[in-house]
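Structures follow.
In the two complexes that follow, chain A is the common piece, with chain B as its partner first and chain C second.
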Partner chain A sequence: MSSKLNVLDHDMVPQHLIMSEEEVTELFSRYDISSDHLPKIFHDDPAVKTISGKPGDVIRIIRKSHTAGEALSYRYVIRRPKK
Partner chain B sequence: MKPEMLDSIDSAALPVKTKTQMKEFLAERDITDQEFDAILAQVIAEYQKTRIEPCEAVGVIAAQSIGEPGTQMTMRTFHYAGVAEINVTLGLPRLIEIMDARKEPSTPTMTIYLEEEYATDRDRAREVSWQIEAAPLREFGDITIDMENMQVVVVINEAVCEKRKIKVEEIIARAPEKIRNKRHYRDFEDPVIEGNTLIFIPKFREKYQNLFQLAEHVRLVIVQGIDDIERVVVRKEGGEYILYTEGSNLKDVFEVPGVDTTRTRTNNISEISQVLGIEAARNAIIHEAISTLNEQGILVDVRHIMLVADMMCMEGEVKQIGRHGIAGEKESVLSRAAFEVTVNHLLDAAVANEVDELSGVTENVIVGQPIQLGTGDVKLIARTIR
Partner chain C sequence: MPSPKRIGKIEFGLLSPKEIRQMSVRKIIWADTYDDDGFPYPQGLMDLNLGVIDPGLRCKTCSQKAGECPGHFGHIELAKPVIHVGYTRLIRKLLRVSCRECGRILLSPEEIEKVIGTEDDLTGDLLSEKDVKKERICPHCGSQQLKINFEKPTTFSEVLLEDGRKVEHKLTPADIRARLERIPDDDLRPLGINPAVARPEWTILTVLPVPPVTMRPSIILENGQRSEDDLTHKLVDIIRINQRFKENQDAGAPQLIIEDLWELLQYHVTTYLDNEVAGCPPARHRSGRPLKTLSQRLKGKDGRFRGSLSGKRVNFSARTVISPDPNLSVKQVGIPLSIANEMSIPVPVTPHNIEEIKEMVRIGPFRPTLKSPCGANYVIRPDKKRLRLAEGNTESIVEMIEPGYIVERQIRNDDIVLFNRQPSLHRMSIMAHRVKIMEGRTFRLNPAVCPPYNADFDGDEMNLHIPQTEEARAEAAILISVQENILSSRFGGPIIGGIHDHISGIFMLTHTLRWFTKQEAIYLIRPLKIERLGEPGKVEGGVSYWSNKQIFSLILPTDLNMVYKASSCQNCDTCQKEQCDRDAYVHIIDGILKCGTIDKKSVGAFDGQIVNRIIRQMGMPRAAQFIDDMTALSIRSIMLDGFSFGIDDEDLSKIEYGQINEVLSQAAHDVDRRIKIYEDGQLEPMPGRTPEETLEMQIMQVLGKARDKTGEIAGRHLGLSNSAVLMAVSGARGSMLNLTQMAGCVGQQSVRGERIMRGYDDRTLPHFRKGDRGSGAHGFISHSYKGGLSPTEFFFHAIGGREGLVDTAVRTSQSGYLQRRMINALQDLKVAYDGTVRTTGGRIIQFTYGEDGTDPMRSSFGDPVDVKGIIESILKEEV
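And now, the complex of A and B:
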């Protein structure tokens, strides 16, 4: 079999980075928000698993934007709710 | 251009794209510091003007910008998307499919790119396609029903196996196992193997029906390729061979040697969100929606689609636009009731003692108040002139 698939290498997957605690505090105070206001991402999302993010982490996503070239986005890691 | 100018472009509050364009434009030019400062200030001012104002009702603008051109779309298109003979749903049905976040599109299809050494060689590209296209046992040899001895005889053709790069032993091992994995199969004794011949005997031999049904299973059992992928077409585009498929299974295709796991894609958005994650799903929604619209000659600004995709991917999984998704989770009772299943929403809200804050657009239109946007957002207090 071919080498194990690395999700982050795929064209459609933007760069995911786990933010440090200081960065998160800075982000929250800059926009005056809390983790509830951020878009969510599940802890078992393939990209989160690859960078081994845990519930409670904030992930910085560097998207390739159609309009701005590059755009920053943030997602808060939560547990996938049980069906 | 002086190097310190580059630094000041880099530190300016501008999008990356604008910065690169500025650098390219100014690279060869000879400008003074004064001119540069004027240009930079002008660019920043122009950029600030293009930004949307806070509290602007972008959702309504997006809805109209997609909705109006949507009325121009063909209701029903059974189009061959220009690519080989593969039929793909297009036009309005496809757009609805994307927005509804269906688990499976009506015509799943994949575009498989190959790694460099496979992409340039037709024979090697074919080899990869054999590994992907589902091939039933009947394509690998002769299957005959021996009524006298109550058995199904399979004689595997070695030349075909040679051509399709699969060993006879592999087929012999895989066929009985895969038949047993099917939900409804006629039970059979462990098959007799003699060189290239495989003999299946049904367990219950009192009825011929069992024999015929077993034979049908033997004929159709998939011994090579990926079950979901019914057809593969190899095409040369831009100097490399690309595989187009009918049917989609991203996870298994990624396992096939020779497949480029960085570019291969599918039109099944829910599969993308499972295999590649929510951010990839967001990108897929944007790509699929914009290409469906553009294919019909409709040009919608990508920002409207981006907003829709962002809303759909907000909660970590792909949610549909509509009463089971975004529209059904709105805060306001009146707004939900105005959308679909009015009575249910009003009844449930009454039972749960829900309160409507009347902060949105729809609610205020219903009760006949000015909406809190634009001129409606301004509150005037009269001060008497002395």
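And now, the complex of A and C:
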């Protein structure tokens, strides 16, 4: 069988990056928020698994945007509750 | 300001019989309500301990008067337990997962852990029915389990195996209650039940709370008779059966009768809680109307949540039919005097306005004519006491007035009001207008504001609200006024602009070059606030003439520069520009229309190039002014020539009718020829299609072309002198297709994009041979609307028309529901000062609003900046 698919290689999957601790503190102070104000993403999300993000990480997502060229978004990794 | 509180958790529990008795102020034993003197029976359903609704009486529990006493619960002791319908699902689950002997969960601790997770990692699922296999043996006491059957609405039974046959054994509510009681507290937690607040046996009622009379008041009819609330009726039923049940029980009646009564009691309690349970006939009123019981009070559109808590009625509002008035400004709304006299605005009396206000009070509530100054309806004294002004008391009240009083004066011209038409689908559905008091009984509005409201005048009604505070009026004027909403926040273009006759009129005025005498020119611009006509464009034989473009240029701002193509542009391969023979190349230099026709593209709602340019360059007030001028000018110019459309406008000459018949018969022959080829099996199918599909496509194509050809023939005969053509070309209303159908040929009728195929065996109607594939047999209408349809054609037309109606009906209901869900999801989001979109709790939804932080209202049809427009307006030529 062929090797496993890397979802990040797909054209429609935006770039996912794990942020360092300093970046996260900077982000929180910039928006004056804490982690529970961020949008969430499950730890078993295919993109999160590929970059091996763990619950508690903050992920920077860089999307292509029709209107703005590039759009930044941040998501907080949480455990997926079972059902 | 109090700091916002955070909800940690919400706990849902059941009322225990103990709690029900504890909160009860009276045990209810009599089914009767009032005695012959109209006095409530003690221990009856209207007992004075449960609260009072009749004025004059005092509550025996809290000794307050009617209106002050909130009411108190009572209770009914049920002769035997009954099931609460709301919990049948839970009861079924509990019966199926617990042992019938020892009450433990039918799983070993290891099996439970597998589902719900370990002690310190409770991230798993809750136990469900499916986790327990049917008819297994209890791992705790080893007893064989039986299958539990549940029959709607409230019947539970066990399935026994007797002599190899399956026998159903009914479980009484008492049996079920006993079994639920046996389930230990510790076994309830894996099931998601907190035994401290919800013991499972509490789902079986042994005592029923009786709601206070204040939530089921009886009403007194005109004839003096009392009419009880539906809930009271139901409670009467319950008490009657309960009483009879008790008597029979005490008398030692046979088991059969007891069971019947038990079932009857269960039925009444079930319908008392929910009268729309599946498998249970609804309890009815004597008139045959189903009773509105507890669940029905909460559910649905008119229920407590959507009807009473989310939806509220308001004061200071008016509603009536709308009608058009082109002489109003778009910013105005015409209000009938009778409404203006009824509605009011509170004005505090100060030393500065006291004389003016005294005059209003003197006039009182009856303002005689449109021109007279406004009166007042109420005077509020500093001690908050309201005095109603009536004919006799105005003079005496005028004497009392001094600073500190508040007078509710009537609405007068130029007051700001909110105007609304449902469905309020976007923000422009409510806009603030300035009042103009008028004769008549309808609200009047300029037809140019119809598009944002989606209003027409076929009987539409609209609502009007009067802002009551200075803050509200300021907000209305600055944020909600019509002129601030000319641009749609949906696509960043003007949504207010000319419609119908505005466009026909301005097209007729500006099309090609035309000269007006001074008299005509003044007739045209009379409604405008223009003081100078300007130099005449030409002088011929001592008479001065002004061109139509000159007249239109009068309403343009002087520093406007634009180049674009009008709606009537045909998109020729090489643009003739200024020499365009349709005059569709619009060029405006320094506010002078050099060439081109003004039509829908320039001033229409949704397009409005000129309106758009004016807003960007000169702001909203100037644009509103332009729309007012443009509508007035266009209505004048359409009146100059007159404009009408009649049946003879669809007439063609003999030559055209001959050509149309020629085209249609050729098409019919072509279709027959293709059918022949198909039937001979000679038809070459198109890739991926069957021969039938190929034939159908070819026929549709041939007939479509034939119809278009008839349209061309008709169009050749009908020029811009024809009103329908003028409307179609200018974009005012209708299209050339409509004209084709009226004068040429209606064309193919279709259902789901195909020719009409349904009907009888192998044919659409009995007028055709079976298997006929010809054009006429499948919905091609070769006549025009003018010429008249044949009976079969008429039938096909009705079939095609019905599809359109069904589509609209389905679409509106579906999009309405989608809209509701969307609004519920988004209603509390807002853009914070840092550009993020957040919920009220501060959670971030978007990091930059719309990813680019652009307000769509200030965008140019979706693009952040209208680069082309700006360059063209500076260079004054096309780029």
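Operating definition for what follows: the second predicted complex is superposed on the first by the 80 of 83 C-alpha atoms of A that agree within 3 Å, B and C clash if a C-alpha of one lies under 4 Å from a C-alpha of the other, contacts with A are read in each partner's own complex, and residues count from 1 in each chain.
Basically, a contact is a pair of C-beta atoms (placed from the backbone, for glycine too) under 8 Å apart; a residue touches a chain by one contact, two chains touch by 3 or more.
Note that the coordinates shown come from a computational prediction; the quantities given were computed from them, not determined experimentally.
Taking chain A as the reference, the larger set of touched residues comes from B, when chain B and chain C are compared.
Using the contact criterion defined above for the overlaid structures, shared-chain residue A:Tyr31 touches chain C, although it does not reach chain B. In the superposition on chain A, A:Pro14 contacts chain B only, with no contact to chain C. Legend: residue contacts after superposition of the two complexes on their common chain; A:Ile78 is shown touching chain B, with no touch to chain C. In the overlay built on the shared chain, the residue A:Leu5 is in contact with chain B alone; chain C does not reach it. Of the two partner chains placed by superposition, chain B and chain C are both touched by A:Thr67.
Contact with both chain B and chain C is seen for A:Pro39 once the two complexes are overlaid on the shared chain. In the superposition on chain A, A:Val48 makes contact with chain B only, not with chain C. Overlaid on A, the two complexes show chain B and chain C touching the same residues of chain A, namely 39, 63, 65, 67-68, 71.
Contact residues on chain A toward chain B in their complex (touch as defined above): 1-2, 5-7, 9-14, 16, 39-42, 45-48, 61, 63, 65-71, 75, 78, 80.
Those residues of chain B lying in contact with chain A across their complex are 15-20, 254-259, 261-263, 265, 272, 274-280, 283-284, 286-287, 302-303, 306, 310, 313-317.
Within the complex, the chain A residues that touch chain C are 31-33, 36-39, 63, 65, 67-68, 71-74, 79, 81-83.
Against chain A, in their complex, chain C makes its touches with residues 117, 123-125, 834, 836, 838, 841-848, 850-854, 864.
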